[in-house]
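Each of the two complexes below includes subunit A, the first together with subunit B, the second together with subunit C.
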Partner chain A sequence: MNVVPYVIGILILLIVPLFLSTYWIGLVTRFLIFALFAMSYNIVFGYTGLLSLGHAAFFGTGGYVIALLHLHYNVNLFWISLPLGVLVPTFTAALFGLIALRVSGIYFLLVTFALGEMLYSLAWNVKWLNSRGMQGITGITLPDLAIPGFTMDRTWYYYLVWIFFITSCILLNRLVRSPFGTALVGIREDESRMKAVGYNTWLYKYLAFVISGAFAGIAGMLFSYYNYFVSPKHLGISTSFLPMVMAIMGGLGTFLGPVIGALVFIFVENFASIFFPQRWPLMLGGLFVVIIMFAREGIGVYLWRILKKVERRFGSIKS
Partner chain B sequence: MEVLKVEGLLKQFGGIKAVNKVSFSVEAGEHLAIIGPNGAGKTTLFNLINGQLSVTEGRIHFYGKDITNLSTHQRVHLGQARAFQIISLWQKLTVIDNAMLTLHGTKPHRFKMLRPTKDFKEVFNQAMETLRTLNLWEKRDEPVKNLAYGEKRRLEIGLSLAMQPKLLLLDEPSAGLSKGEGSDVIALIKNLKSDITALMVDHDMDMIFEVAERIIVLHYGQIISDGTPEMIQHNQKVREIYMGIEH
Partner chain C sequence: MRWFIINMLNGVSYGMVLFLIASGMSIVLGAMGITNLAHGAIYMVGAYVGWTIAVKWGATFGLGLLVGGLSAGLVGLVIERGLLRHLYKQPNEQVLLTFGFVYILSNLCLWVWGGYSKAPFTAGFLDSSFEMFDFAYPKARLSIILIGLLLGAGLWWLQDKTRLGAIVRAGMDDKETTMGLGINLEKAFAVLFFISSAIAGASGVIGAQLMGVDTELGMSVLLLGLIVIIVGGVGSIQGALLGGILIGVLDAFGRAVFPQFAMFIMYVTMIVVLIFRPTGLLGRKI
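And now, the complex of A and B:
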């Protein structure tokens, strides 16, 4: 594997806060969080071929764990919130996977959708899950790392997210290139043959679903700190929709596709909300149609092809 | 030694008995062919033995173990391998990926999550060796869909052999092949190691009579004859209903 582009990408993300205002750092933080969310979704949809419409259930659960710890127990210590913020969404995914993977295809989509909406209405209706007098939980503060003489601010929080993002990238990259990851692609391409050569395909799908849920939970956890606020909508369809759009726009089943999808999505969304706040859904729709028409396999794949073409014409630019 | 023993096997689709009270057993190393006109229940029988379908009634034993309620992948781990009638290879994946994925299926490290697939040298070498013998090593990076039909067949059968099964289920191995390609397949089956038991279904009688040591004739889901190729050839009932030859 050629690691040079990856190293360059990592370094750019490392030094970029030095040149940016707090606002822009926040935006890049948001991008990394959603890129992680979209990558986790890509494991289930892109690699395994399971179209889930309830992935926000795990994202939102991660966020709610952080918010509830803050609201009811006044816990802000990262070393307590982190394990719970990962374990609870993982457990939720383990439970939902048992239910949803009893069926496949369109029924899987419907069941995941229903489970996500169930959490949405639970969060909407249960008093304990809301701040007093509102829907959702507000006032979440940045995590306390309990390092003497260190105060967390938005720039340091960016680096915390950066660490999670890079670590997750490395783990997920290893995952998709392992025998386990190859088997997921085999299931996407032909599940009955996978069974016929000895794979317990149900178990593979289940594990992929749970692992994906765990990473979505991490993304949700990081998001609630970033956003200061979680609401029921972070568990429901409108949020489940986001990683799907990002993964499809960037390139399903490719490793970096969802990251590129998230990049385009977050930055276009930002510009749109500055200049034409009412028109963002329309612009997203238009953007999506254009991508599906001209770069169906995703922007990531499209750019990769152009790069290859340039390389072929001018010889290898760099190795 | 009995490899496979099927007792009173019944498979009902609605009111149709696709396989109707079939009982037979296969000895180790035997090359058994199942023939019969279209719709006789041959592929259904294969699906029951390999576990793609569940039985309505009856038992299946594999090396003395009752496997009736085991899933396909569990049967594969016990030593079954199958080549399908319709090519079942992963069309979009490359030849080498197909080989690696097939060979990994029965390996204990198929659940490994953090080591790249290509680092498992033992499986890679086995894949390389298999593709070399199949004469497909040069095309290892081609997606399977770009191969010629005969090459796909060869790959499919070759890969199921590379799984080193105890029982090989061949569903119409010569379907759609030219004479020359068909004889490649015949050679492949004839050269099976003596410890591999083969069960095959085919329409190509020349091939069946050349490779099979025993033949079972299936008609409307029932066994109407079971014996050596010579016996089958001279069985009057078989001639009438299956070959349509009157003497």
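And now, the complex of A and C:
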């Protein structure tokens, strides 16, 4: 495997805060969080072929755990929040997986959608899950790492997110290259054949769903610190839509596709919400339709081909 | 007893709206294998057009119902002919495409009709109560029950007794043979999609009598429709009817008994049905 481009990418992400204003650091942080979210979605949809419309359920649960620890227990210590912020979404995914995997195909989408919306309306209606007098929980601050003489700021938080992002990339890469990952692709391509070969396909799908939920939970947890605020909509369909767009835009079932998709999405979203805030959903929907109709492989795959062409013409960048 | 009858009627009338929403989705899903996630958005377009005609322009409610249904049908037809038909046999792409239209149509409606939600409206002659002995009930709600029953009968007739229904059922089972027999399946699918969208639009105007119109309907109506389909079972009119009325009645009694948790009843119903009968109450094997 050619590691040079990856090392270059990691280094760029490492030094990039030195040259950017706080605003741009925030934007890059946002990109990394959503790239992680989109990668986790890619495990379920891209690799396993399960079209889920409720992935934000786990993203939002991660965010709500952090927010609730803040609101009710005044806990901001990262070493307490982190394990809970991973475990609760994983548990939610384990539970939802049992219900949603009762059905297959398109019906899986309907059930995941409804389960996500159930959490949305739960968060909307239960008083304990909201700050006083509003919908959602506000007043979240950056995590406390309990290191003497160290104060967390936006730049250091970027590095914290960076560590999570790189670690998750390595873990997920291991996962998709393992026999387990290959079996997931096999299930996507032909489930009945995998069954005939002797795989317990239900278990594989279930585990993929739960693992992906865990990583979505991490992304959600990081997002709630970044955003200072979680709202019911972070559990619902409008948030579930985002990783889907990113993963499809970048290239489903490719490892780095969702990252490229997230990069394009976050920056387009940023400019669109500055210049046409009212018409952004229209543009998003239009863009999505165009991608589905004409660029289903994802722009990441196109970029990859262009890179290959450049390599052929000017020699490899490996040397 | 009186409490029971009123809640029962509330539940059945609400359930009929749910049935109207789900029936159109269920036909397309069962016959064409397309999950039309834009169905809620098409419902909303119909409701807004109906509101414009019946309230803003002050024409009759019936005209609003007709034009709302037709314009929604046209929107559906454009989506099907323009885009969806290029994606047959690719269920994931079809679903995703229709989902893009939820955003497009919702934002267009926001653009045209603004962010303020429209209050429920009804026909002049229905805007009063039906009275019998000492018992009064809004006529609008009774008319919804009647329309729902008529439409259910019409759809059942379309599905089981007409040439179109037979073509569509045959096409589902064996597309190649059906087309080999010289039947224009594409045309049948286009007609079916138009009918389904027109029902969505008309139910938007009918549903506006209870729920009003707002720009969030694209998603919320979609959710209601999907849950009814999951509970009732896919692809049959009877399933949509049973699912709709069951959810409607449970919801009405839930609102009366423990209002705070009423909205979770439909989710709980859905989960219970999924655990014990994943195909839905009247569904075929999926």
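Basically, the second predicted complex is superposed on the first by the 307 of 319 C-alpha atoms of A that agree within 3 Å, B and C clash if a C-alpha of one lies under 4 Å from a C-alpha of the other, contacts with A are read in each partner's own complex, and residues count from 1 in each chain.
Throughout what follows, a residue touches a chain if its C-beta (ideal position, glycine included) is under 8 Å from a C-beta of that chain, and two chains touch if they have at least 3 such contacts.
It should be emphasised that the depicted structure is a prediction, and the values quoted were computed from it without experimental measurement.
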{"item": "Subunit B versus subunit C as contact partner of A:198, first or second or both or neither", "value": "first"}
{"item": "Touched partner set for A:237, first subunit B, second subunit C, both or neither", "value": "second"}
{"item": "Superposed model, subunit A: greater residue contact from subunit B or subunit C", "value": "C"}
{"item": "Touched partner set for A:147, first subunit B, second subunit C, both or neither", "value": "neither"}
{"item": "Which superposed partner A:3 touches (first subunit B, second subunit C, both, neither)", "value": "neither"}
{"item": "Which of subunit B and subunit C A:293 touches, first, second, both or neither", "value": "second"}
{"item": "Which of subunit B and subunit C A:189 touches, first, second, both or neither", "value": "first"}
{"item": "Set intersection of subunit A contacts, subunit C complex versus subunit B complex", "value": "none"}
{"item": "Of subunit B, residues touching subunit A in the complex", "value": "50, 52, 71-74, 76-77, 81-82, 84, 88-93, 97, 100-102, 104-107, 109-118, 120, 159, 163"}
{"item": "Contact set on subunit A toward subunit B in their complex", "value": "171, 174-175, 177-183, 185-186, 189-190, 192-201"}
{"item": "Subunit A contact footprint on subunit C (complex, rising order)", "value": "29, 33, 35, 83, 86-87, 91-93, 95-97, 99-104, 106-108, 110-111, 219, 223, 226-227, 229-230, 234, 260-261, 263-264, 267, 270-271, 274-275, 278, 286"}
{"item": "Residues of subunit A that touch subunit C when the two form their complex", "value": "51, 53, 99, 102-107, 109-111, 113-115, 117-118, 121-122, 125, 237-238, 241, 244, 248, 278-279, 281-282, 284-286, 288-289, 292-293, 296"}
